[in-house]
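Listed below are the structures to be examined.
Two complexes come next, and they have one chain in common, chain A, joined by chain B in the first and chain C in the second.
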Partner chain A sequence: MATVTLNQAQKTYPNGFKAIHGIDLKIEHGEFTVLVGPSGCGKSTLLRMIAGLEGISDGEIIIDDKVVNTVAPADRDIAMVFQNYALYPHMNNYGNMAYGLKNRGYSKAEIDAKVREAARILQLEDHLERKPRQLSGGQRQRVAMGRAIVRQPKVFLFDEPLSNLDAKLRVDMRLEIKNLQQRLGITSVYVTHDQVEAMTLADRLIVMNGGVAEQIGTPIDIYEKPASQFVAGFIGSPAMNFLKGKVSDDKKHVTVGDGVMLDLDHDVEAGRDVTVGIRPEHLELLKDGEGRINAGVRMVESLGAETLAYLDFGANADNVTLRLQGTHTFEKGEKLSLSVPASKIHLFDIESGQRI
Partner chain B sequence: MYQSKWRIFTNHTILVLGSLFMILPVWIAFASSTHTREYIFQNGLQFLPGGEFFTNYGAILFDAEATKGRVTALEMLFNSMVLGLGFAIGKVIISMMAAYAIVYFRFKLAVPLFWIIFSTLLLPLEVRIVPSYEVVANLGLLNTYTGLILPLIASATGTFFFRQFYRSVPDELLEAARLDGAGPIRFFIDILVPLSVTMIAAIFIIMFVVGWNQYLWPLLMTTDDQLYTIVIGIKQVYNSLYEGGQIPQFPKAFALTIMASVPPVLVVVIFQRMFVKGLVETEK
Partner chain C sequence: MKRVQFEHSAVPYLFIAPQILIISIFFLWPAVQALYQSFLLEDAFGMSSQFVWFRNFEDVLTSSSWTRSAIFTVVFSVLVSVLSIAISLFLAVRADEVIRGAKSYKTLLMWGYAIAPPVAGLLGIMMFNPLMGDLYKAFNSFGFEFNHIENANDAAFIVILIAVWKQVSVNFIFFLSGLQGIPKSVQEAATLDCKSPERRFWTITFPLLAPTTFFLLVINLTYAFFETFGIIDVSTKGAPGGSTATLVYKVYVDGFLGADMGGSAAQSVLLMIMVSVLTVFQFRFIERKVHY
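Our next item is the complex of A and B:
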């Protein structure tokens, strides 16, 4: 159990590229923190800085009240699970798990006890004598996790551990990781670009973009109150709809698309140009003529449990996605009558993208 | 892939002819080495083996007189073995370590140093043989195994192969090892060396054969018969074939030739599977 604290952690590469622009973060005991963001946003770099595989250019990384900026990776008492497993191919699975303990001078008996215990937790007991290449992807990933847990480290670091697995296995392993982390209660930092993984695993979510933490909060906070247009568009699937809008003179409405008026419940100055964000699942389908919004259907995708319809909000607006439970049959060009509760409308500054 | 019968036939014909072309001279040498010298002198080279196998090979192996020198073939085989093994093992070790430094340690001039090493690939040993001789002579290492082996064990080829191999080892393996508390030496011994086994086997075979077949270098370095390698021995025997007005010792010369080629062939046959694997695929 440990806390991890970042104080203005920065990373500048020798070629002048600034990968991390100063991040402040405190991860509590036993907390599962997920770093999420598009590729190149610096999330892996940040994780590798915590691991000590990348140096830190400025600021501090503190594990349990101890500044570890210059401490070697092996001495930080952390363990890491890699995307491609990074198992030693010439050692059997037992050897893979035992290697770190051996280098730390544990006795044979201790190593054996710890490895067997980890194998039991991960259901790998029957595979200890085999080589990594004789295992399936999911089993290899478990061995990699075994290698991490045998040492009982202060912090677990996961670098996109599920990206190499197929979709079904990914869901299983996701649950398993969450389960394991809760059972062991070890502080964890998990990097992913998959927002479903991020939402489901995280106690606390950090959405990163361009080397900056755009928002830090619980997954639900981030879903309900995205701090910026970037976060709003990144979290949630299908992605949030964005429309250009203008706040009406009485501040009660915002006009989007070809003169569609939406109710507004925000404290915002009259006549301001804004970006309006609406999640696809927050558009409500009403009977003909009852809704404020009338939009034609451009395309329909039926997924069985839900239906996605792409709507025409006028010539100067992109497709607007509508997400409905169950199956619906719409004709192409059919006019739908819709509304959005004022509380579900997000406004963002046109320039900065910040939430209003 | 579908292949017509005609095509299979042609392919096989070419391959069989090619193999015969390579093997026949060796076979003739072998068959001729098992006759008496009088028989060969009268009847020329032979296709079928005769009855003198044990006599001829025994004489060559244990009787210094048969090799026209003061050493037996057995001693020369031993010298060649020392040279071949020392050459190959030394080269493997040195080039592995050089490549390890070049790939895994960031130091100034690493890249230019590598290219300097690489460019020496283009220079055959013979180019530097005189200065190398001078160095060995000044160090007082003439007529020693050390002098024979040491100046040759730096290997640009080996360094290059190992560099390419190390570069293909995923970085995560190094990082995982660092997290597991393995320092540079541990990582090298515990992870890289076991991963390179097939590569080591391949380089070892190539270098052993090259070392075994060295001619000019041992010829210059050794004036003492006791250090003659078998390749020099062959030359010596053939040189003295017509000396002394006797019937030339063709069978024994052939026997020595055959014997000289057995150890490299054995090494290749034994290590062949690892060798091919090392060149074709690498287990990562």
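Our next item is the complex of A and C:
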């Protein structure tokens, strides 16, 4: 168990591209931290900097009170699981798990005990003699995890470990990883672009964008109080609806689309232009005529457990997504009556995108 | 193994016909002729010939010059293959690590590939020319009494040097592409598992290059056996006293210069047998170890 601290960690490539703009972060003992963001946001770079596979241009990376900026990857006492497993194809699975121990001078008996224990935890006992190519994707990823856990490192690093697996296996492995991490209590940093993985796995979530940590917090915090329009749009599926709006003179309402008035309980100056954010699941469907919002249905997607309807909020607004539990049948063009509780309305600054 | 049955038709035979034709004209026909000729004793002008069964083979196998040439060929081939593989592997690994100007390094290292063996031989022997060769002068100024015209070892050194130099660029290309075929993440995983770069090389990189190395071993042995003909013919011509003549070169010397067609044919048949055995051995015993 260990803590990982980043002090103004920065990464600038020789061609002048700044991948990481100074990140401050403290990861506690046994905490599961997830770095999430769109591709190119610097999340993998940051992880690789912690691993030592990328150098750090400025700032400090500290593992357990020790600055590791220039420490070799093998001496940082970390283990990493890669997206494409990165198993050694010429060694059998036992050899793959034992390799790191062998190079650290463990005795044969110790190595054997550790590898067999890891294999037992990961249900790989029957596959130890086989080569990685003889295993399925899920099993390979388990061997890769085995290679990480046999060393009992201070920190686990996961670089999109589930991206190469099919959808069903991904869900199983997600649970398995969470389970394993809680059982072993090892500090973990996990990189993903999948916000479902991010939400479900994280004790703490770091949403990155353009080399900057846009928001750091628990998944629920981030879901309920996104710090910026970017975070709001990235976390939550389907994505949050954004509409241009203007705060009314009495500050009690905000007008969106073609004159739709929504209740407001924010502390915001009258007449200000804002971006209004409403999550699809927070729009409530009412019986005819009772709601403030009346919108026509453009398209419907039925997923069985839930129904997504895309609504017309007027000529100068994008489609607005409505998410309802269960199955609903709507005619195309049918007028729906909706409302949104004032507490579920998010306001963002038009220029900066920051939460108001 | 599953067998697939096709409708019998002439089309597949037509597709393979050009290749069969080429092999027949340039390999099977000459091979059969050589086999036939190896049983004949001919006069130097080809006016008369006599069927002598295995006497040519007896003569070849009991002659000290053939035995010496055979030993030289084996030593030469092994040294050329091992040295050129080792040097090019070293160069490829270093070139693969270069970040700035990598392309220029790689291109320059590949250039040698474009040089024909006789040209390489000419370049080499000019460098060792006793009157104007820089390497000849340099070696002697360091106190070696280097004299390839009289000393067989010195002559062998020159031939090996040229042959290795010529082959390094070929091997370099294959090793470089082999290295680039190793997934980057596998190498990164190894940096987390193993601190020492040397150990990492021998436990991860080298085993993953094994198929490439095996392939190059076959290619290089073939090269040393047959394709060094041009180098030898231009540089030493087998001198001094046939000590740098490989078996292939000796076939040429005895047959075309010595006009002993029967003896030369017998030698080439022996060569064919040796190469077949070598091929079987390579694929049976070495290739089995390099698959992963």
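Methods note: the second predicted complex is superposed on the first by the 356 of 356 C-alpha atoms of A that agree within 3 Å, B and C clash if a C-alpha of one lies under 4 Å from a C-alpha of the other, contacts with A are read in each partner's own complex, and residues count from 1 in each chain.
Here is the rule we use: contacts are C-beta pairs under 8 Å (C-beta built on N, C-alpha and C of every residue); 3 or more make two chains touch, one makes a residue touch a chain.
Bear in mind that the values here come from a model prediction, so they are computed numbers and not experimental data.
Q: Fit or clash for chain B plus chain C once both are placed on chain A?
A: Aligned on chain A, chain C clashes with chain B.
Q: A:Ala74 in the overlay: touching chain B, chain C, both, or neither? Say first, second, both or neither.
A: both
Q: On the A-aligned overlay, A:Asp65 touches which partner chain: chain B = first, chain C = second, or both, or neither?
A: neither
Q: Name the contact category of A:Ala86: first (chain B only), second (chain C only), both, or neither.
A: In the superposed model, A:Ala86 contacts both chain B and chain C.
Q: After lining up the shared chain so the two structures overlap, which partner does A:Ala51 touch, if you call chain B first and chain C second: first, second, both or neither?
A: Both: A:Ala51 reaches chain B and chain C.
Q: Once the shared chain is lined up, is A:Tyr99 touching chain B (first), chain C (second), both, or neither of them?
A: both
Q: Would you sort A:Glu269 into first (chain B), second (chain C), both or neither based on which partner it touches?
A: After superposition on chain A, A:Glu269 lies in contact with neither partner.
Q: Both chain B and chain C contact which residues of chain A?
A: In chain A, positions 51, 53, 72-74, 78-80, 82-84, 86-90, 99-100, 103, 147 sit in both the chain B and chain C interfaces.
Q: In their shared complex, at which residues does chain A touch chain C?
A: 51-53, 72-75, 78-80, 82-84, 86-90, 99-100, 103, 131, 147
Q: Chain A touches which residues of chain B in the complex?
A: 170, 172-173, 175-182, 186, 190-191, 194-195, 197, 283-284
Q: Can you check the complex and tell me which residues of chain C touch chain A?
A: 183, 185-186, 188-196, 199, 203-204, 207-208, 210, 292
Q: Residues of chain A touching chain B in their complex?
A: Result: residues 51, 53, 72-74, 78-80, 82-84, 86-91, 99-100, 103-104, 133, 147 of chain A touch chain B.
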